[in-house]
Amino acid sequence: MELAHNEGYVLASYAITLIAMIVIIGWVLIDSRGRQRELKRLEEAGIRRRSARNAASGGAATEKTIDA
Amino acid sequence: MRFEAQALSARRGEDLLFRDISFALSDGEALVVTGPNGSGKSTLLRVLAGLLPQEEGTVRFVDGTEDRPAREACHYLGHRNAMKRELTVEENLTFWAEFMAKEGAAPGMDIDEAAESVGLAGIAHLPFGYLSAGQQRRMAFAKLLVAHRPVWILDEPTAALDVKADAMFAGLCQAHLAAGGMLVAATHQPLGIESVKSLVMKGFEYGEALA
Amino acid sequence: MTDTSLAIRSFSDLANPAKFIALAGKLIPWLAGVTAILFAAGLWLCFTTDGDYQQGETVRIMYIHVPAAWLSMMCYTIMAASAVGTLVWRHPLADVSARVAAPLGAAFTFVALVTGSLWGKPMWGTWWVWDARLTSVFILFLMYLGLIAFNRAMDDPSRAARVSAVMILIGFVNIPIIKFSVDWFNTLHQPASVVRMGGPAVDSEFLRPLLVMAIAFTMLFFTLHMMAMRTEIWRRRVAAMRRIAARSAARGQEV
Amino acid sequence: MTALLLRDLRLSIRSGGGALIGVLFFMAVVAVIPFGVGPDLNLLSRIGPPILWIGALLASLLGLDRLFQADREDGSLDLMLMQETPLVMTVFVKCVAHWLSHSLPLVIASPLLALFMNMDALSVGATALTLLVGTPAITFIGAAGAAVAVSLPRGGLLVSILVLPLTIPVLIFGAGAAYAATQDPSPFLPPFLYLIALTLIFAVIGPLAAALALRASSD
Amino acid sequence: MTALLLRDLRLSIRSGGGALIGVLFFMAVVAVIPFGVGPDLNLLSRIGPPILWIGALLASLLGLDRLFQADREDGSLDLMLMQETPLVMTVFVKCVAHWLSHSLPLVIASPLLALFMNMDALSVGATALTLLVGTPAITFIGAAGAAVAVSLPRGGLLVSILVLPLTIPVLIFGAGAAYAATQDPSPFLPPFLYLIALTLIFAVIGPLAAALALRASSD
Amino acid sequence: MRFEAQALSARRGEDLLFRDISFALSDGEALVVTGPNGSGKSTLLRVLAGLLPQEEGTVRFVDGTEDRPAREACHYLGHRNAMKRELTVEENLTFWAEFMAKEGAAPGMDIDEAAESVGLAGIAHLPFGYLSAGQQRRMAFAKLLVAHRPVWILDEPTAALDVKADAMFAGLCQAHLAAGGMLVAATHQPLGIESVKSLVMKGFEYGEALA
């Protein structure tokens, strides 16, 4: 009797955890796909990154940000 | 005294705006920076005034005591006037005079005298917010007079000034230079100051210093 | 293959995010596979082991509550380590790591809070009490959200990095408070019974599913973290390329 | 430095009316609590000190986010950053001015509001005293938050969130001391001394952190 | 008009007042309360409704005084005054945007926070309902005050004196209704109806007064 | 269409700033207001735009429908740019285009087109606060193009603009006039627009209208 009563809490816990995990995994996946697509489109448009063009000019000291 | 910049470069956001800018000013010399909109004039001046970090290079003010940051020897007049609309002109000027006063340094002008030399003696009792654009700019200029600094860094100082005020402004700059001061100004209009060095910014294509 | 060893390695051969992306590309499928297998095994164990004579069915909440709670703290610890990396070595990957860990940490903390509440109602008779452990976890949650909000408010990553690193380190005091609050204050909450001096005091019947689930959650975290880091690097590349495109366009048309 | 103090005080009177907004908000807080707890005078007087503390804490947040923003918008902050005066001093003086114009009125109004909460004389005195000693800590922490926010193009409310968690110890010891003053077993002095210590610590750390953030912020 | 609504919403998100931050702020306020009054669940559930109301008032006040000021400082207000669109409409839309971005997230989050305050279901519902109905009134009154403040170069003080007291009745009826819902003898409906009436009245008077003040203000 | 002012006088604080100013513009005509700082140019323009009450006199825009206030036919570009630093240039322009759109009136330019005609097409995605002073001014000018108004009221429109932008600005004004628009501008520098009426303000000594 008490067991049956408490099962709801267990189910709810698993359900909410599942939803939370699906949301976070989905968000990571969608974000990743989106950026990949943007990158591809830009590369198709013929745009190169600065360091890809003249890698010599910007040493590690000036390039604090990521555009390797 | 010398005010010098060596191999300066600076970044806005992620982009390098200019690179390898060097110049040196000694007593009584002026440098005028010109260039199209967005070429980095204001950025350069803010780097000189110590308000933006440079990417590389140094800015130095040499005057016996080497170890103080250059910014402490400078007046900076930017696009904004650094005055409070709610306070009267007099209160504003008094505040800056006292706040910028240095012990052992040459004292600045008297408040009234400064207001008079920018041609606004009569309206020092008005709240700053009541002044017209040109009057506000003049008052911001008076701020440079109430405390002494050897280097003036001016960003489009004559914007909104009328013809008479232009002349008055040129006169004040000449007087500052004659007294051994130095001056760096960014501008789109001729300033009416004689014998100046000039620097033309190109923006992203990196400026060149001309003697 | 943990994140820290990777960071140190790439630090030693100086910061090549491109290398990181290549490495991540190879590792991610394996990590994801392992995670899936572990979850399958863990969940099967969760529902096949017996209920507790005292707690009844609700003991099954433990198998997700405890791993989620552990991860919420581990994630913050990783962020703090990354913050040190940002401040001391100014390593760009460190900033990326800290930045993308915040939403993951918030998610795990959320799960720990919700499952804890759902466990609290049958066990203590209330959803929530303001005792030291619960409050400090709630504050951890707020800190995660605050850091996310901060990162969103700052659109220039190179400037955000150091400030947010300092904020992460200040917030780190909360982690020992969470961990030891049950010992320092008397609270309703269970004292440590798995990770403690003198070995676990939990029956191995419950320990097995708990440990499997804990490892599964940890692997999930690392998979997601690595994917999110890769995405963040891509995001920054896209931004850099957009700026260059805009500038050359502006120069081209401006006579 | 006196010049700065005077200017900031003058500004706070001329614009915004910081003092009164704070006091009025404070009054609003005190006015609604009885609706929650009902007309139980005993209970009211018991929760009086913490309520006053919470009210004061929240009221201090109003306007704190604009501590440096106004100066930045009109360019004054640039000039302040350039002076020889250590930036920490400038920040400290601005904090003092903010405290004088925004928090001190709260401290002064608190005995009056305490009457509405049916608190006895001892408790009123203790609360006012702890507020007097503790509110500066909130201002100093807030300054650090405001400095961080000013460096963000999109700072805003973020300040209050950065700041609130740090104010928790102040609140604990402040409300604790005020409460202890009336309860016999619990001693007043220890939490009160902790409160003083907190204020002193934050008086050093807050301006230092704010100065660092401001230096990093300029753009 | 949709353009204005969208712009103001966007601005509120960009400049740090977005839904996430508003709710976060509210949560932080709620998290701070137990540190002040102590972790007594009974007490917490009694002061729950007024605390939620105070949080809502505070959140509405944050930034409300700058409702028109920001637009005036950058010159946008001038252009808004010149358009064919009735000024009252413009003001009304700005109020709606402010309410949507600053108050609505709180109303939505309030049931969750109520759990932390250990309130029972009835009380949670009543509080959320009164918040939903009552907070617009605060925004509309505040708008009138903000407009007066913008029109007076040194009007800050006046506003708080004129306007904030007007919010106290809203607060009292709001918290009163929420309280009455759980206490048997006191009826819920009368204060709730007063609250609705207040909101409707202020929804008309507030924008009208604000528009008048803005027209008179320009300088 | 006619835009006319009759016997205008206005007051700032307690003092009468100018008195008895009258002029009338019809299609394609421009009026340039000059005068020293503080002489009341900005005040006059704000009165024309309906942003300040006049002391005496009337401002009228006559175009069949007489009863609408003149301000609704005007664009006003003041000292401030009416743009939000936090929003991107594009969002800013889109907002004004939609907010100022009138039913049944001539539509304005497209956003991109407007940005391009002030020479800033590439940077419309940047937050407005990131632009340089001159770029900001240009964008504020683009605002005049995205919604159609027959009368433009411009207060020192060329402040902070570089030489190239000056020319571009003159071109846009000419185009507006050629399309039958009208224009009132206050300025200290020649605007490069041809065949304009001019009005010289003297400030407190009361201006004189010259044909």
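Order as written gives the chain letters A, B, C, D, E and F; numbering starts at 1 within each chain.
Basically, a residue touches a chain if its C-beta (ideal position, glycine included) is under 8 Å from a C-beta of that chain, and two chains touch if they have at least 3 such contacts.
These numbers come from a predicted model, not from an experiment.
Minimum number of contact steps separating chain A from chain E: 2.
Using CA-based centroids throughout, the chain positioned farthest away from chain D is F.
The interface holding more C-beta pairs in contact, when E-F is weighed against C-E, is E-F. The greatest centre-to-centre distance from chain C, using averaged C-alpha positions, is reached by F.
Taking each chain's centre as the average of its CA atoms, chain C and chain D sit 34 Å apart.
Between the Cα centres of chain D and chain E there is a gap of 23 Å.
Shown for chain E are the residues in touch with two or more other chains, namely 14-16, 21, 24, 28, 31, 73, 154.
For chain F, residues touching at least two other chains, in rising order: 79, 85-86, 127, 164.
Residue positions 65, 67 of chain A each touch two or more of the other chains. Of all the residues in chain D, the ones that touch chain E in their complex are 13-18, 20-21, 24-25, 27-29, 31-33, 35-38, 43, 47, 50-51, 53-54, 57-58, 61-62, 65, 73, 149, 152, 154-158, 160-161, 164-165, 167-168, 171-172, 175. Those residues of chain E lying in contact with chain C across their complex are 16, 18, 20-21, 24, 27-28, 31, 34, 39, 41, 44, 115-116, 118.
Those residues of chain B that touch chain F in the shared complex are 12-13, 35-39, 41-42, 79, 130-135, 138, 156, 159-165, 188-189. Residues of chain D that touch chain B in their complex: 2-4, 6-7, 10-11, 14-15, 73-76, 78-85, 218-219. The touching residues of chain B, when paired with chain D in their complex, are 46, 49-52, 68, 71-72, 74, 76, 78-87, 91, 94-96, 98-100, 102.
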